[in-house]
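Reading through the structure tokens given below for one structure.
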Amino acid sequence: MADMENAGRQETAAPFAIELKGISKAFGPVQANKDINIAVPKGTIHGIIGENGAGKSTLMSILYGFYKADSGTIHINGRPTRIPDSQSAIRAGIGMVFQHFKLVQNFSVLENVVLGAEEGALLNTSLAKARKVLTDLARDYELDVDPDAMIEDLSVGHQQRVEILKALYRQADILILDEPTGVLTPDEADHLFRILKGLKEQGKTIILITHKLREIMEATDNVSVMRRGTMVATVRTAETSPEALAELMVGRKVLLEVEKKPASPGQVVLKVEDLRVRDEHKVERLKGVSFEIRAGEILGIAGVAGNGQSELLEALGGIERATGRISLNGAELPLSGAGADGQSRRAAGIAHVPEDRQRLGLIMDFTAWENIAFGYFGDPAYQRNALFMDNDALREDTRRKMETFDVRPPDPWLPAKSFSGGNQQKIVVAREIERNPDLLLIGQPTRGVDIGAIEFIHKQIVALRDQGKAILLVSVELDEIMSLSDRIAVMFDGHIMGFRDPEKTDERELGMMMAGIAEKGAA
Amino acid sequence: MDYATLLQILDSTLRLATPLLLACLAGLFSERAGIFDIGLEGKMLAAAMASGAVAASGMSIVLLIPLTSVEVVVISPVMFGLIAGILASLLFALIHAVASITFRGNQLISGVALNFLASGITVLVAQRLFGQGGRTPPISGDARFNPITLPFAESLRDVPVLGPLYYEVISGHSALVYVALLAVPASWWVLYRTRFGLRLRAVGENPAAVDTAGISVTGLRYAAVALTGILCGLAGAYMATALQAGFGREMTAGRGYIALAALIFAKWRPVAALWACLLFGFFQALALRPDVVERVAGLKVPVPFLDALPYALTVIVLAGFIGRAIPPRAGGEAYVKER
Amino acid sequence: MDRLPRWADVALVPLISLLLAAIISALVLLFIGQSPVEAFEVMVDGALGSPYGWGYTLYYTTSFIFTGLAVTVAFHAGLFNIGGEGQAQLGGLGVALVCLSLPWPHWTLALAAATLGAALFGAAWAAVPAYLQAKRGSHIVITTIMFNYIAAALLVYLLVDVLRPQGQMDPATARFPVGAKLPTLDQIPGFNLIFQRPVPANVTLFIALAMAVVVWAILWRTRLGYQIRAFGKSEAAAKYAGINPTRIILVTMILSGALAGMMSINNVMGEAERLLQNSSEGAGFIGIAVALMGRNHPIGVVLAALLFGFLYQGGAELGLWTSIPIEMRIVVQGLVILFTGALDMMVRMFLARIFGLFRSHKLGAA
């Protein structure tokens, strides 16, 4: 804390824009925030960094009046302020840009900006005023958006600008952005940071919540680190390093290297040619992707979320329709119509750990044993006869898999929703890996998973490779891609920008490719 | 078909479309705010019973208001009936709101439940009050909404073509018919030109946007459901005190569901709702005159066919064969705050 | 909110909901100047006080088991089938066409054929909304409501203009042949020792109970049931697992419609012995209450159907022996649906608070 106060005094003599003192918040037995103290000087960009589930979002929700803190006080511009609801937060000059935008899709930009900040009961005057203010803001801060465009027609980056405009229209002095770059292209992210710097110069205070070290280093003046509900440190950005922050975040030296032998690739298992996927709005999301994966090889797909990786996994997994050609061990698989579904893919020898295990990989209300059969309910080992399933055999199998994969608690009767994120993931990974597939599709294997489980899951992936299986790994965590992959493909805007050898590249080069700055085609 | 018959049919079209239109606009407010309401039928029925019963009781008050001179204001039984109908409908709307907004219950199931509740309880209460097998006694005079002759209707009657149209079809309805017609532009205006309308549409599309803007989702939705209650109250009162002379068991006869169908047919838009209700009212008017249908169509069209037509058309619209009906995005789902 | 123990979730929540419905019903009775205690006595006496009363109660129960199971099956796939009423009426049409088509030599043959007819017609009527839901995304709740009204209109037309015998005044089919008459409980050896007077409950009761077992087995012991339940919990996840949504929606609704249709063997073939207008008399809707009350489990459905059988027979007795209108049973039905289906969260929150108090008390004592 002492560091922070010094930092504050050096920057400005004015009181802090925000001071949180002793904030605690529990959800049932889970202590999401524990005695949090933080002071943000006026006119600075303040980063809050921490792993998923460290309590960053909860803290900001308290500041925005979404949750009521169990204890502690909030001071805005030096005055103690109660924030029981969002309305009070807005009145106190706080604006929030959520990770998932809170926009009405079939409203115009203008209507979205005005919503909740109307002047009087009739709309005409409000809309006219907003139109003028938007023009000014666009000029001052590089925030131009067509005020009459429908939100659903705007790109993600423009939608985010609308969120910022909403906050500024409400004359917010303090702007909170929750993981703002997760959905942005690198270009859009750069633009965002330019906007934020412009706002800072106008005296606004900005809180940037992220788990990306690079953004903290680039954009912030000070940074606070959260770990498991507590604020472990607040330091000046100029006086710290990514390594130091990373260590603070996880509480010990990060083990970035995964122990693995060099790969000995065998014959081609998966061959993908000119794979294309269109979304429900007929927009092409995967724009002709071709690659091969050999037996005993991990191909890692790097890229910013939303550049076609999900579509790639879902097309290969039989969830999305696609065009092009794919073949497994030389046999072509259909990409639409009959035979292009999850059942057929599994029968062909493709296992799939989906990116979003809670939405796709598990039925949260089903018991662990029911989830072990998910996707494999047709397995002859689980059938008693032609009519009925053999649930006893299924439970026995579940018990065995839970033991092998160290799922805790090892109780097959527990519903999936009762397990922690890491143990849920272990159930999914156990189910898919134990099938002994020729090809494993695995997306975001360690998202929301605790450190111990991360190591375990990484070891399982490498072990499967060493058995001579082909693995397609998709992750937005560049570290994970670098340490696990035998070959890296970088995706940008539905294309593969190029392939790299993890031994002969670095984060800088990959980052450039992820931003779309590199020659296309294989290297 | 001669002109006189056509006018007759159009006249009853307007009469029959009125309760559909009121109920349809009622449903529009609720559903645009994200609360599905298949309980329009029950609310209409409750309102019909309450208004019929109160109007039949003959209660009236004469108010003397001393202004410059003493104004005599008579609140007639039919007005008391109307108020009672609105209150009864509001009560049902409130239960629906508590179940589906406060307790985040299943909106469809709540609607089904309230329809049954209304169906039974109206008969119970009417039987208790009047002992006539669940009906109210026939009402007349100032216990009913009586036809209003619009200005110049008599004098313009002889103008060719338009005169009779004005006299027969447009003039000569009860006040609630005109209220229903005026409710269409009024609803449009509220929905698209006021702050309340903007917020109401927003809460039906993305309640999180409304919540983070510092507006109460619950408050807005309660207000929308209350509007639904009021409009259903008007629809029910019209049934018992204008279209017919008193309440009879199950007198709404599925009109709440036809209104729901019209709402989908109109894709949740007020002006389109008017046309949809007039169309469905027209089918009902035709069903009353099978002779005309037979003469015009040249073959015998079974009445049940006309009865089923609104439902069949709605299914076709729902199937997306005539444009696509996309309901409000947050419809049917309770709002739960998320991190 | 605290989680409730499983036994409370399964048994206590519906019981408290039922209790709340009963309390409000009693208040309604008081409001219309009747004695709830007396009314309850009349109901118990009339519905359960004699074999004769049981004969009626079980007759209603039979119908409600079918429609309750129909709603249950659809619920497990996340589909709300409000169309049980129309499907049951179409099932009645199937029964009538089968029964009138041949001079049936023995009731067993007629029963087998009529069951098939009822199931087929009911299933067909459910298949159209199912197809539209699966292929065109048309909301199945609205389409099944619409199909109820279309079914009613269709049956009016058929009974008035097509199936009505010459010279008959009321809109109904001809009486079924004698060979299609189902044995009632008073005619079945063994049961006739208990039921000594003619009662409407008939062999269909055993088919209904068998169907409860079949539905249980399908849902929890077969691959199809597994897929239905998984699909009902999460459509996106089901797609990941390779479960075909179109197939599941169609198969589930066909099952559901068939079950609703099969109720017509009870009332059309077993009781009326001809097809009348509005033959199902709201049983399709009661299926919703039965399924909700029975927590979407066949055992619960059978128990809830018995409860509603009691309510229906008891309600009829009220109409006969007291001045309470028979519509009282619709009020109770509405209240049960309201409390078990729409206000269950209220009951749960209330219970969770009680359990919470109890727990903290215990902790404090220890």
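Going by the order they are written in, the chains are A, B and C; count residues from 1 in each one.
Here is the rule we go by: contacts are C-beta pairs under 8 Å (C-beta built on N, C-alpha and C of every residue); 3 or more make two chains touch, one makes a residue touch a chain.
Remember, predicted model here, so these are calculated numbers, not experimental data.
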item: Chain of greatest Cα-centre distance to chain C; value: A
item: Busiest interface, counted in C-beta pairs; value: B-C
item: Distance from the mean Cα position of chain C to that of chain A, given in whole angstrom; value: 47
item: Whole-Å gap separating chain B and chain C, where each centre is the average of the chain's CA atoms; value: 31
item: In the complex with chain A, residue positions of chain B that touch it; value: 192-199, 201-202, 205-206, 208-215, 329, 337, 339
item: Footprint of chain A on chain C - complex, ascending; value: 2, 217, 221-223, 226-227, 229-230, 233-234, 236-237, 239-244
item: Parts of chain A lying in touch with chain C, wherever the complex brings them together; value: 28, 317-319, 341-346, 352, 354, 359-366, 370, 373-375, 377-378, 383, 387-389, 391
item: Residues of chain B touching chain C in the complex; value: 38, 95, 98-100, 103-110, 112-121, 123-125, 127-128, 134, 249, 254, 257, 260-261, 264, 302, 304-305, 307-308, 311-312, 314-315, 318-320, 327
item: Footprint of chain B on chain C - complex, ascending; value: 28, 31-33, 80, 82, 129, 132, 136-139, 141-143, 145-147, 149-150, 153-154, 156-157, 160-161, 285, 288, 292, 324-325, 327-335, 337-338, 341-346, 349
